[in-house]
Amino acid sequence: MELSKAVNSSTTIKKEKKYSPLRELLKNWKKQKNALWASLFILLLITVAIIGPFIAPYDPYKPDYNAMLQGPGIDHIAGTDEYGRDIFSRLLFGARISLTVSFLSVFLGAIGGTILGLLSGYFGGWLDRLIMRSSDVMFAFPDILLAIAIVAILGPGLTNVVIAVSIFSIPSFARLVRSSTLEAKETVFVEAAKSMGASHFRIMFQHILPETLGSLIVFISMRIGTAILAASSLSFLGLGASPETPDWGAMLSLGRDYLGTSTHVVMMPGIAIFLTVLAFNIVGDGLRDVLDPKTKNE
Amino acid sequence: MEKLLQVEKLETQFTKDKQKIKILHGVNFHIHQGEVLGLVGESGSGKSITSLSIMKLFKGTSGEINSGRILFNGDEDLINKSETEMRKIRGKQIAMIFQEPMTSLNPVMKIGEQLLEPIRLHLGLEEKKAKEHAVSILKKVGIPRAEEIMNEFPHQLSGGMRQRIMIAMAISCNPQLLIADEPSTALDVTIQAQILDLMKQLQQKEKMSVLLITHDLGVVAEMCERVVVMYAGRVVEEADVFDLFESPKHPYTKGLIASVPKLGQKKEKLDSIKGNVPNPSELPKGCKFAPRCNDVMPICYEQEPPELNLENARSCSCWLYKEERGGIRV
Amino acid sequence: MLKSYRAKGFFRKGLLTVLQYIIKRIFEMIPILFIVSILIFFFTHLIPGDPARLVAGKDATFEEVATIREELGLDKPIWEQYVTYMGNLFQGDLGTSLKTGLPIMDMFVDRFMPSIYLTLFSMVWALVIGLLIGTLSAVFKNKWPDYLGMVSAVSGISLPGFWLGLILIQIFSVQLGWFPTGGADGWKSYVLPSLTLGAGIMSMLARFTRSSLLETLKADFIRTGRAKGLKESIVIPKHALRNSLIPVVTIAGLQFGFLLGGSVVVETVFSFPGMGRLLIDSISFRDYPVIQAELLLFSIEFIMVNLVVDILYSYLNPKIRYTA
Amino acid sequence: MSKTLLKVTGLKKSFSIPAGMFEKKKLLKAVHDVSFMIPEGKTFSLVGESGCGKSTTGRLISRLIEPGDGEIWLDGEEISQKKEAQLKGMRKKVQMIFQDPYASLNPRMKVRDIVAEPLTIHTNLSRAERYKQVSEILEVVGLSDYHANRYAHEFSGGQRQRIGIARALIMKPKLIIADEPVSALDVSIQAQILNLLKELQAEFDLTYLFISHDLSVVEHISDHIGVMYLGTIVESGPKEVIFSNPQHPYTKALLSSIPIPDPKLRRERIILQGDLPSPVNPPAGCRFHTRCPVAMDICKGTEPPVKPGETAGHFVSCHLVE
């Protein structure tokens, strides 16, 4: 009698919650305080990028020669530029440009790189050598220089910036995915799947790709930061967005002549770029802690 | 015989995600001068943590000693020693060998450099003398071409050789106590035999005390004079090696010995211990072994058994041996 | 006596394998350089616009343009142009600028060294400070030096270089007047550009050093060192740092490319008379012989740096040094 | 005498390993002329130290790696040269159990999907039918439906190994290749798994190829044993013969090296000197001669032939044996 009671009390101490990877992820994500704030900031940016045109107080293209180079104030919270255009409105529009350009170019690069890296790592042999040697050649050009070269050929413009940035992203993604594919390929559970007679397709997509996702997501988030910096550098150099576009880099480029007199013209877009890139980097760091098993338990 | 090391009510805990997890729950045992003591247990029993606690090697981990005493050489309590004082003991009076010979040596330093470190530090020998000493130690642990090996890197040597180097490093300053944490587990059987043989010889020649930590009952039977069995961060049984294998007292020890396949034993079915090794953060109430025990009694689920002294200087923590609880077999 | 000879023999063997390794790497570089040169050559020819027309000017007649085209050898098939170009290249002739009509070699002479100094200064301070911050952060993990170091590092990689440059100019040149706003005369003019250019790399190296060192500190041999009774002030530099430098060196090499690219932006911000600014000027003028020569030079530089890194890596890692 | 399920003759495999510049590629001779057979319903164990080629042999037979030379007859069919597409039948008949129960189960899949994977690959059963079979087989290995809807890493080593066994059983295979299935487990759990494997063998008439370095485990589970050293089987035969009357000096040394869990049986051991030679440069002649305590001159030059021993099914490769 006493015994069975004791047994019951010891085996039913607690009814643990059922494990689910998503819940685990959310639980760990909440522990990443900085990353949580940074991801909220990014969500806000995305919202702004979508609804920006509706909430912008002024037309970002319309010059106002009565209000040139005004400092931040009640009428213009971020001041105005040399044509009297409202900087805050331009920043809102710029968020849409920056996010579109960086998301598009990183996703294009990520998709291309992932496919190449997966094939290269999984099949090895001549395919691997071909893909890796080509990426070696690409790596012979420093990142931004490659983008500059591509834009030099294609001509300036935002579309070409997207193409340039995605092309220079491909080899990095390919290498990343290849190395985690090689790692995953050596795992015993992949061997187990092979021993069961699983097809290449099943092994690649059921067993290997999920293994690479963690580091891929981390890299994507870091890469978006890089892409924003690269795109704005190109615009700054006059190789990206045309000067009248409310692109953050282009705004900075125009504003530099007024740096001495109206600092805000340069400060505002600079802060926007800095905070956005910072947010993506912090989110990347947080994701690394959550997703990358190597740095877990730190 | 005099006691070289006395561990009393040692409690050690780790912190994970701001939660404190106790790994050792009051560990008691002692080692005599010149004795080989086996510390046996399965994964999670806390045997390795016990050795790290003795050395206070917690830097870089969240481990800390909560309470207890670790008396070394009579009345020196290691727990009260500062880090500086501990450094003078580590490698000099108490030395340690680890399980993984492949990763326990620094891959970018020559063997000689690594071997000379403790010799210079603790013995204060000048360059030439230190080198001579190092070479003589290498020869002592059976390393051929000792002078050449001094200039080689770890990755040029086999696992067995690296473990010999680790042993050489450990005995280079004539320690009173050698803690060997699974020294032969990662090695092949024939190499394991070499290493165990070497350790036995050195122990007898140098009159060191050895604390041998292992999960392998075969190694224990072969090497040790006395044995301490650990389960879930506690010592459950302590006895002379012959007594322990002849008549194990604790149901866990009994189960452990019975579940090992033995050469020449014709048995269709092995005796096994039911259930699983418990996770240190989810221990049951009362006796930690109760859910897996064949002789479990109601009290086992309620209260932890005290450590009971039995005849032949052995002890056992089990309610079976408390007479007023109806314990029957002694 | 015999013993010491043997030991020396071993050392020589190590040296020999390093030499072998270098030769092997140089051989591997050749096809890559070759392909890179082809790519650059053909891609620069894809740049829209007629160079002959550019040289001749807007008002030139059709005949004039044709003559110039012939002079420049642009009427020949592109393969032939490439062979001629490579032939000239091996004789040290990089071609002539369309814009200035000067030999490109002469244009590079004045600009090459300032750019090299700029990248080297940036790399050196970034390495020193990056390693220092990374090491301190790892040693004082989760204490204030770590937080401070890592906050500045993550900010450093998020700062747009051109913006940082502009702000530095505003503060230190315009307001305080400590340094010139541009040019390349004397060490003072290198300070702000190097600071700007190195900030990103410094931050990356600091982050990487930290994580690499933390990883190494978890290794078994660190515990062995502590069990020997070694002080932390020996364990960390002698045992841990040496091991964690191996991956840091690789990363530093890759980041050098980032520096070369970044120099284009920074030179533009600081009106620095170097290779990077020349590139941007040439692009806006479509001065494709210059673009071509620049790209080739940059990629050779980058490949060379990676070679040096590989050699350094093989030196730091005895596993490579002693296995062949 | 029962039918032979697996017969391996003259199996060889070398791997080329990267070499420095100006050097020829090196060959690592992992398996060098291995032959043995397993009667249906019996257990054959390959035992040896690291680098002896026992795991490679298992992987060759399961066609995870391409055999270099030799024949593999499974259930009357030669499978060593078949293409992957032709191996469907063999893949159903042969299943594997792996050493590391933590690594061999995909951490991102639920237990029931892991166990059902062979069915997903080889059959057209509906999901419901697959899961029904999964819960039946889980019960057989001592788990329950409670485990099916969870992820493998929520369980302990022993339970995970049971999941691995369930996955191997679900296709009702004839041959199970178990590569060190208990060496990663705690002692008290090892016994559970060994008992389970024995029970399952009786219940489903399974044939085991058991690969292990642990002679005590091997003795417990096997009918026949092959002792491997540097890619070759140096001695093979019925368990009783190998353990009570070993002929090869390596087998003797190996048996003598095992620490016996009984302090009363402490004994003088044969301790082999030196390290295992590298399979990249195996010694000429008898591969064991560099460490053999009774080596003769002939051993250095001539590889010993396989000679039958006194008992039926006992074979030894040693110049000393007449």
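Order of writing sets the chain letters: A, B, C and D. Residues in each chain are counted from 1.
The rule is short, and it goes like this: a contact is a pair of C-beta atoms (placed from the backbone, for glycine too) under 8 Å apart; a residue touches a chain by one contact, two chains touch by 3 or more.
As the structure is a prediction and not an experimental result, all values here were calculated from the model.
Trainee: Which chain pair shares more contacting C-beta pairs: B-C, or A-D?
Mentor: Looking at B-C and A-D side by side, B-C shows more C-beta contacts.
Trainee: What is the chain whose Cα centroid lies farthest from the Cα centroid of chain D?
Mentor: Chain centre farthest from chain D's centre: C.
Trainee: Report the inter-centroid distance (CA atoms only) between chain B and chain C in whole Å.
Mentor: 52
Trainee: Any idea how many Å lie between the Cα centroids of chain A and chain D?
Mentor: Chain centres of chain A and chain D, defined by C-alpha means, are spaced 48 Å apart.
Trainee: Which residues does chain A have that touch at least 2 chains other than itself?
Mentor: Answer for chain A, listing residues that touch two or more other chains: there are none.
Trainee: Quick check: what residues of chain C touch more than one other chain, meaning two or more?
Mentor: 323
Trainee: Give the list of chain C residues in touch with chain B in this complex.
Mentor: Result: residues 3, 6-7, 10-11, 217-232, 234, 238-239, 242-243, 246, 316-319, 322-323 of chain C touch chain B.
Trainee: Quick check on the complex: what are the chain C residues that touch chain A?
Mentor: So the residues of chain C in touch with chain A come to 32-33, 35-36, 39-40, 43-44, 46-48, 154-155, 157-163, 166-167, 169-170, 174, 211, 214-215, 256-262, 264-265, 268-269, 279-280, 283-284, 291, 295, 298-299, 302-303.
Trainee: Please name which positions on chain A make contact with chain D in the complex.
Mentor: 18-19, 21, 187-189, 191-199, 202, 206-207, 210-211
Trainee: Under the touch definition given earlier, write down the residues of chain D that touch chain B in their complex.
Mentor: 49-50, 156, 158-159, 186-192, 194-195, 198, 213, 215-217, 219-220, 243, 253-266, 269, 271-273, 275-276, 291
Trainee: What does chain D use to touch chain A in their complex?
Mentor: 62, 64, 84, 87-88, 91-92, 94-96, 98-100, 103-109, 117-118, 121-122, 149-151, 154, 164, 167
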